[in-house]
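In the part that follows, the structures are each spelled out as structure tokens.
Each of the next two complexes has chain A plus one other chain: chain B in the first, chain C in the second.
Entry: the complex of A and B
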């Protein structure tokens, strides 16, 4: 390609990109939707969704009414549990659990204290509603810990040990050191996760919508008979929508995530935006493919939702790959969000650089090349 | 007073002082309209004239601000009132098959509308058979609606509108986008229903050449009624007469006459001039005197036709205050390097889609400076042919040359050398006029040094100076089409492809558009290929190719085509009687083929006029129908089209 032809090639790309941006600016509804996703939606995800056990309602069936039973039950305290009081028996407990009024019931048997004092084993029952598995599992875990702690203290008291003697006992202390998110703020994880989801969705949706709109309005025909190549028609859509998405990401990071959730931006801002651009390019390939098989904006939306679900589920955001069944674990490698998740969290929260992330970056680049070429190839077959 | 009462009794629609506006923009402004029982009443006007608003209000589906609308003596001023008349009328909205369901079959669509209208099972069965037979859709009853051609969709739409046998049918642009044969079918069905059931029809159209189909009509423009009455009477309202001449060199004569007569157009080798306020006797002389030294081959004065009358009335009336801009059309920067010779050549060009052959070994040649028309119904293969020639679609076999490049392997080169304007407006409605032009200048790689100058040239040639900063979406059809033409010309191509360029454009806009095309062909020697199924566009062409089922079945100049039909089938007889409906039936029974009703007149083709006249007199006398007049005319291009296609359809039905 000589110099003149090269300039002409870029002139066309720039003219088409500016056209896309002008059209977007004149579409107030679309603008509103994009700004909603990058602000309010991320804010809601970060502040509204909580993955910890907070104020879980617990009620107690106390059949013993002893000092020991009272002490155990008052150990179910805020912030994890909220003790709502006592109930009379199993039937009432079941009823409340069934209706979802409470999350768990602690059942303390008769002779609880006397058995303990006699040094005989005894058991309490903890009934948990695990229809929400996360909360249920957490509640069980915390309850186990509370009961064990109570037992340990009771034994120590029974043996009449003082604090010094206690320390001499061979107890293994489990000490946590929380990395990257020392206060374990869900807002950090949730808002970033939502931002990555929003980027995924919009980078499929916006280029696809821009392409299918040309189909719907018939403007594609005029472009097809012009000297533009399919790549010159499609690339400007990806470039323009990519710019819009990067702008949205900047707004989201610097107006929502960092100021509102106080996320410490550990890594390189430049690297994060560069990776985001690469990711937008990758997923837009899927979007272009969607545009070639759709006839209307409605179809595009449905297909984006259809493809977004597996991309999210296979992204590793909720379950790491090693916890997935073997077949599905393999499928994760074709979810672009899997790579972006790894890279995104690593840069934002761990401050990782290219030296650590090179393999994920390579995976994302490879996937992007395949998707984008596939999208352009499909388009060329339709309009070439 | 007794007479007035009688008229009242027969009045189906009575509208007075009707006003309707959208967002403070008046769509219809103080319109009066009276339609009598048994009439086919026409509303003729370009897009945006207010026809649809008026029709929707009559059908009771649109509220309005001022005036009264009375249908069957019910004042349609509320939803309750509209409910009262809904059972007695049928309304077909604008758009091909828009009121139908694409995935339902022909029969299922009819059944659905019948159930909606609570037609009994027996009635439905009887009417369905009859209407399907009449529309020749009975062979396609199981075909999904979306797979029908445009003409068939409209016929199905008509059946669904008529299934409850309404007394009044309101049809909004039923023939837009429909080929001439289906249009003729359409009018025949309407005439038949008129005869059998005495229905009343209010029909709108954007095409002036359909005017003769109506008993009475209103010419609408910009929400107002320009003229109303019988077609002939409206033509007489325009003061002046029409002169048609053949003169060499045509372009010089055009320039000379344009200064004096704004209403002039070139149709093939002829010029048509409307001479204001002059009788036909004087007009010929006045025009001849303006052309000293030019070789006038023939010159004749004619009666005004409706389209000419429409423009004349507009100029003399609504637009009288507006200065008619005598737009000088600018030249190309550089004359075309290959201004002579063959611009487009198709050799045995063929395209198959799966088992279906869309284009079947077509051959034609278009020379530089020639306006070439590709005619045919929807699905005849016109668009596929254009797609192959413009390099979008590879041919299955055959070859073609476009602008000196081989279409099989130089697609990119062809794309750089041609201009293309597609059927639907395919520029960006959310960009301004200037932004659209600039975008296409970049796409076609107009040199940066001359781009400003070139954009100014486009603005001037397309006459867009006043609207450069407006969004394309806010422009009326006529200006949009000129913008599309301007964008197609931005690289000053030697070959121009236009796919149905002026459908929906008002006559004034259409003239302006064709002025530019004629200039491009005559002065710049641009080769122009136009596809159309509208005869008003076909008349402008130097050469025509008629396509049917993927083949070119006739290829000649318009004049020769008409001559060939005259030699083969004879002259067009226009028969005027005191009872046209009865006469129509009588002539059909008497064995005449291709008899068609045009308002009060009947048309048929006849070779031996004297003997045919005797036959007709005998037939009409039997029913004591009085023959008022019998005139022989030259057949029109539409007659050519319909005759050729029907002859082939009989031989090999699709």
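Entry: the complex of A and C
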């Protein structure tokens, strides 16, 4: 290719890219929806979502009515639990649990205090609604911790030990340090996860829609008889939509995630955008493939959703790879979002660089090359 | 309302659906596809957390302590490191999500009856998993402490092991898990997904059905005909209702047979409630179809107003109690919350009309409002 042909090639690409951008700008509904995804959607996901247990309603059946039983029950307090009061018996408890009015019932037996004072073992019962397992698990965990703490203090008091003497016992003190998100703010995780999902969806959907629209309206025939090669038709669609998505990501990061959720941006911004561009390119290959097998936008959207589901699930965004069954774990390596998640979280939250992420980057590049070439190959067969 | 006209539209629509093979297949494959992928993909069982160990003591006691982690099914041992610096890249690359550091003179301190401390580093990228992991670590350490204290008391005070046990842990918490005894998150998730899938697919189908006619102009035939707006909408809607009613059965079958979730409630009640819910969600699709002109916009908008609330505001992933006040109010505005209560109530709790009438009434109200608004806003003379 000589210099002139090279310039002409790029001229055409730029002209087509501008055409795609103009077409997009003239569809106000679509623009509105895109900006919704990058702002309000990410904001809602990050602000409303809290997977930790907060204010779970608990009621108590207190059969002992002693100082000890009252002390135990008042330890079930905020932020984890919300003590709603006492109830008289099992039937009432069951009814409230059935209706979902309360999450758990704490049942304190008779002679609770006297048994404890005599140094005899006793037990309290904790009935939890586990129809939502997340809540059930967390509530049981906290309840166990609370009763253990209560028992320990009670024993110490009975044996007349003070805090200093407690330190002189052969026990292990537990020092947790939660890295990367020390206060375990769900908003950081959720907003980034939502952003990565939005990027995936739009980078499949927009190029595919742009390509199928030409098919639906018949303008693809005009392009086919023009001097443009299939790559020159497809690449501008990917470039223009990629630019729109990168702009959206910038808006989302600098107007929503960083100022609203106070995410400490640990890594390199340039690296993150470069990886995002690579990722958009990868997933748009899938979008182009979809465009070749469908005839209308309705079909495109159905296929996008059908493919988006497994990509999302196999990405490890909701369930990390180590928790997946072995078979599914292997399938994760063909989900581009899996690599993007690894890299995205590592750059944004862990501050990792290329030296740590090279293998995920390599995987993403490889997948991108395969997907994109496949999409272009299909298109060339159809219109070449 | 002329029933023969309604029937004519229904018949026409049904023929059209049957002829669009891809669309017809999708109408059945898509719900089941989403279902299987999400059902297998979302898991809140926190197990096999990969971890590494830095043992600076290397004694019998430190090994005994570590084996409590290595032998646990909640953790997966990934190896030993020599210094703290080696842990950082492992954590940043997500090779491990958790690390235990045992200090020097760990055994010596405990044998001498003094306290020592163990540090645990936890990857906080997934806040929920970090929280659960913290709980496991605390439980293992508490267990170790109890044994260590027992041994100490036996030696120090010369009492029997049994007496020492009572002294150390006089109080037990007996947890009873209601409705989902084995705490299997798949039971909750798979039945909960009925809500999600039936929220997403009926509006898609309905919205696409109406907007398709708008986009390719055939709606003008309708505008010019003698058929009234309500007859047209009703006729349009019936085929999609039929598809959704069949889908309810298919999904129900999948929940019980593929995921093994028990159904404890009343089948007729649940089926009737599901149909009301489908009428509701299809009404959402109707409203969308009134707002937009193109199929892409229709799909995007349905996605926004159906998928997001179903995922985030229904109580499926995020417990309602844990939400902020604004989000809590918002979540009560969507039908998903009520149907999820009905679903979990029917599948896991074995409830019926007596306990769930309020939620059914809420759904009915929702359906009536949506369809009245839809009818009132469907004009045969388009404004532009």
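Criterion: the second predicted complex is superposed on the first by the 384 of 384 C-alpha atoms of A that agree within 3 Å, B and C clash if a C-alpha of one lies under 4 Å from a C-alpha of the other, contacts with A are read in each partner's own complex, and residues count from 1 in each chain.
Assume a residue touches a chain if its C-beta (ideal position, glycine included) is under 8 Å from a C-beta of that chain, and two chains touch if they have at least 3 such contacts.
Just so we're clear, the structure is a prediction, and the values are computed from it rather than from any experiment.
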item: Touched partner set for A:333, first chain B, second chain C, both or neither; value: neither
item: Touched partner set for A:218, first chain B, second chain C, both or neither; value: first
item: First (chain B), second (chain C), both or neither touched by A:23; value: first
item: First (chain B), second (chain C), both or neither touched by A:226; value: first
item: First, second, both or neither for A:358, with chain B first and chain C second; value: neither
item: Superposition-derived comparison: chain B or chain C, residues of chain A touched; value: C
item: Contacts of A:128 with chain B and chain C, given as first, second, both or neither; value: second
item: First, second, both or neither for A:74, with chain B first and chain C second; value: neither
item: Chain B versus chain C as contact partner of A:8, first or second or both or neither; value: first
item: Shared chain A contacts, counted only where both chain B and chain C touch the same residue; value: 27
item: Residues of chain A defined as touching chain C within the complex; value: 27, 29-30, 33, 36-37, 41, 44-45, 47-57, 82, 97-100, 103, 115-116, 119-138, 140-141, 143-145, 147-148, 150-151, 154-155, 159, 167-182, 184-186, 188-189, 205, 209, 294, 296-303, 305-306, 309-310, 312-314, 318-320, 322-325, 328, 342, 345-346, 349-352, 356-357
item: Interface residues, chain A side, partner chain B - complex; value: 8, 11-12, 14-16, 19, 22-23, 26-27, 217-228, 383
item: Contact set on chain C toward chain A in their complex; value: 22-23, 26, 29-30, 33-34, 37-38, 40-50, 65, 76, 89, 91-94, 97, 109-132, 134-135, 137-139, 141-142, 144-145, 148-149, 152, 165-181, 183-185, 187-188, 204, 208, 212, 292-297, 299-301, 303-304, 308, 312-313, 315, 317-319, 321-324, 326-327, 330, 341, 344-345, 348-349, 351, 355
item: Footprint of chain A on chain B - complex, ascending; value: 390-392, 412, 415-416, 418, 420-431, 435, 438-440, 442-445, 448, 487, 497
